[in-house]
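Common to both upcoming complexes is chain A, partnered first by chain B, then by chain C.
The block that comes next holds the complex of A and B.
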């Protein structure tokens, strides 16, 4: 465990070497959030209710989604794609540590750093734009929300690794094409820009069984208290099933991938 | 610029575009995945708009069909910018490796080489689909409105060029290109809807600081016949001033080029 803690710290330091890069990344994240926020702000300046959402509840959803986006999607492990494609994976295969575990440690160091930036940003944005920040007072719901958020981050990690492992079979463009396709779906299906239950019931029912729903939408709904205990349990069960499936497939992809790995570029 | 020079630039663009096309054919699966991603991005946003149909009747005075036309016109200019100026995404590597020296040594305008070096063929199918859909969705348009749209469209392309030149200049000064171009792309997403829907301060920012409102909203308003001549003239004057300032900034940046790593 100690070596992964060291990796966590090393990654933290190496990210902070490029501080300007971190700053611009966070500026982009804030702009993305404000883009969505201003759009919905404009809608609610003319309408008091959209689907089941009042102005306050939808804008609060966006703030929680911004937090979850920072926690769940902040990752360095997208570089796995290029490491496989360029043969840099060799460097890790020789080291006495788990490849996925060290990436998990690196991802979490980036997540913690991003969350710290988020706290500063959300404070500033709240002061400037009077964001409807909604603090939970119910500790039980806090715990359930945190559990769902951490599970969502894990779910995304294994999902993302599966996409990266495509590089074993198709290393062109550093394995980026499938990731690009994934990101296009993720933008829409995770619920970052809007809650997924504003769609018609048939679509909302389909979203319920997709893993992407559990990255942002499901934890955000828990935070906002929009789910009853039965729905929360059902959501956790679906998450657990997807996590098991992704871990299993990631293991398989890793084993099969290593068998055909050609270390191209080395 | 004489005809002979223009021919050289034309030949350069055709050669670079042909080479980009060859590389796309060499990696067919990658091209299919990229192409699918681009079309899916537009389609999914379209689904989002349709989902709003029974919830939003009017937004800033525009009905949903009009908002869809705004979104399609946004895509036309966004895709045109990407088709012609995709080279900016490859440019950072040239700066940080010092390879930009070779660009400067060639007897061609370095800006031209940077911006048009990678024609993005994969955006063309999405552009064709968008234009077809736009023609289907458009209400009756008069000749004057069409002419106004074409003029404001040319102005929009000049502004898009200026923004890309600005990013290139920032790249020379700071070696930072990727985030800068993405900040523009992120902000331009606010113009998927007419910028009139936003509050005054945001609208000012989107029109006159990062002029995505002038790039995407103004041509659409010209097509709808709701663009006043004052706004049209103001946009043209702003564009000329903006472009000249950005060119000056580019020349300033070139003087500061450090040729790092070369």
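The block that comes next holds the complex of A and C.
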């Protein structure tokens, strides 16, 4: 376990070593949130209600979604795709440590750092822009929300890992074409820029079974109290199924991929 | 006792072949031609504990591929490989704690951090006890004279300093087997010599089994008693370095200095000697081993010789001839 703790720490070191880079990173995170926030602010200056969201409830959703993005999507493990393509994977394969575990450690290291910055930033933004932050007081719901958030982060990790594994077979451009496509879908289907239930009811059944719904939208709905206990249980079950599927597929792809891995570049 | 055993190892790759130009690119979108490259083709050898073996061959001969298979990075197409009793591709932690692979052209150190951070990380990864770590670390830093650089960002180190740090990172867990893939590549002659001395001392001190690949014959000459020569994926020599000369050098070199300028055609009478380099007052011949005495006597008798020197062909010459396609079979 100590080795993963050491990886956790050394990842912080390598992020914090460049101060200007850290500054730009934080500006980028805040700008991406403010762009969406002000876009919806402008929309609500014309409409009082969109689907069953009022201005206040939608903007509150965006703040929770911002929090979830910092937790679920913050990752260093996107580098896996390039490591396979360039042969840098060799460094890890030679050493007595789990490749998945070391990337989990690096991802959580970044997530914790990201969350700490988020707390400072969201406080500053709330004071400046009077954000409609919704404070949850029900500790039971807090627990359910945190469990859903951690599960969402794990679900995203294995999903992303599976996408990266394609580099074993398609190492072109360090695997970025497929990753870009994935990110495009995520923007649309995970609920970062808008809640998914603003779409027509006919799409609700589809969103319910898609794994992407559970990255941001599902935990955010729990936080905002928009789901009944039955829907929460159902959501957790679907998440568990997807997590099992992604872990199984990621491990299979990894085993098969390593057999054809060329260890290029060295 | 054999620490490394390789029998009938094969590693084949499928390589995509593209016609040149835009037309070739468009055609390759629809139809692709693949060719099988035999990077390693039926290779067998065995290495005992404590041996320091040189693995030499031209670019693309299959040296690095073999080392990658021995390290468990590549899955062999066919054949059996055993290192320290383990099958490398199983990548068992107990095996990984007992070997290291150092590549001269890549680094394992964290680029943006001082090398010391990477060393401490390796301590945890390899689960090295604190006392052993402190001792080995102090020993290596002293041997490689690194005290002043371990706290400097890796990106700011010179190539030679970085290579030394790579060696420390690879040796902190005291591996029993060490694979060194061109550890002196790109280094100046002084640094090459230092790295060489270090490898020699380390091998003697810790009795580590080492396979070394290098393009620099000096590395091999100074460090390795035994060499394995590989070309186009096949081994065609495995034995003592001195045996290469016996086995392949069927000619000797005669360097002759004359006291007055000679004409090239005047040597036409000495048919058994080939002129390697000619200047009017100094000419170098190559002569079949069994004819050396006869030719030397003939030269001394018929020409105004002031100096005559008979030498063996250098290992570099032999290997160069081997690599440029001379058929020794």
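Everything that follows uses one rule, which is that the second predicted complex is superposed on the first by the 266 of 266 C-alpha atoms of A that agree within 3 Å, B and C clash if a C-alpha of one lies under 4 Å from a C-alpha of the other, contacts with A are read in each partner's own complex, and residues count from 1 in each chain.
We adopt the following convention: a residue touches a chain if its C-beta (ideal position, glycine included) is under 8 Å from a C-beta of that chain, and two chains touch if they have at least 3 such contacts.
Note that the structure is predicted; figures quoted are calculated from it, not measured.
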Which of chain B and chain C A:6 touches, first, second, both or neither: second
Touching partner for A:177 - first (chain B), second (chain C), both, neither: first
Chain B versus chain C as contact partner of A:17, first or second or both or neither: second
Per-residue contact with chain A, leading partner among chain C and chain B: B
Chain B versus chain C as contact partner of A:35, first or second or both or neither: first
Common ground on chain A, meaning residues reached by chain C in one complex and by chain B in the other: none
Residues of chain C touching chain A in the complex: 13, 64, 68, 71-75, 91, 93-94, 96-97, 100-101, 103, 105-106, 108, 110, 112-113, 117, 120-122, 124-127, 153, 181
In the complex with chain A, residue positions of chain B that touch it: 27, 29-30, 33-34, 36-38, 40-41, 44-45, 47-48, 51-52, 55-56, 58-60, 174, 176, 179-180, 182-183, 186-187, 189-190, 193, 197-199, 202
Residues of chain A that touch chain B when the two form their complex: 20-21, 24-25, 27-28, 31-32, 35, 38-39, 41-43, 45-47, 50-51, 170, 172-173, 176-178, 180-181, 183-185, 187-188, 193-194, 198-200, 203
Partner chain C, residues of chain A touching it in the complex: 2-3, 5-7, 10, 13-14, 17-18, 87-88, 90-91, 93-97, 258-263, 265-266
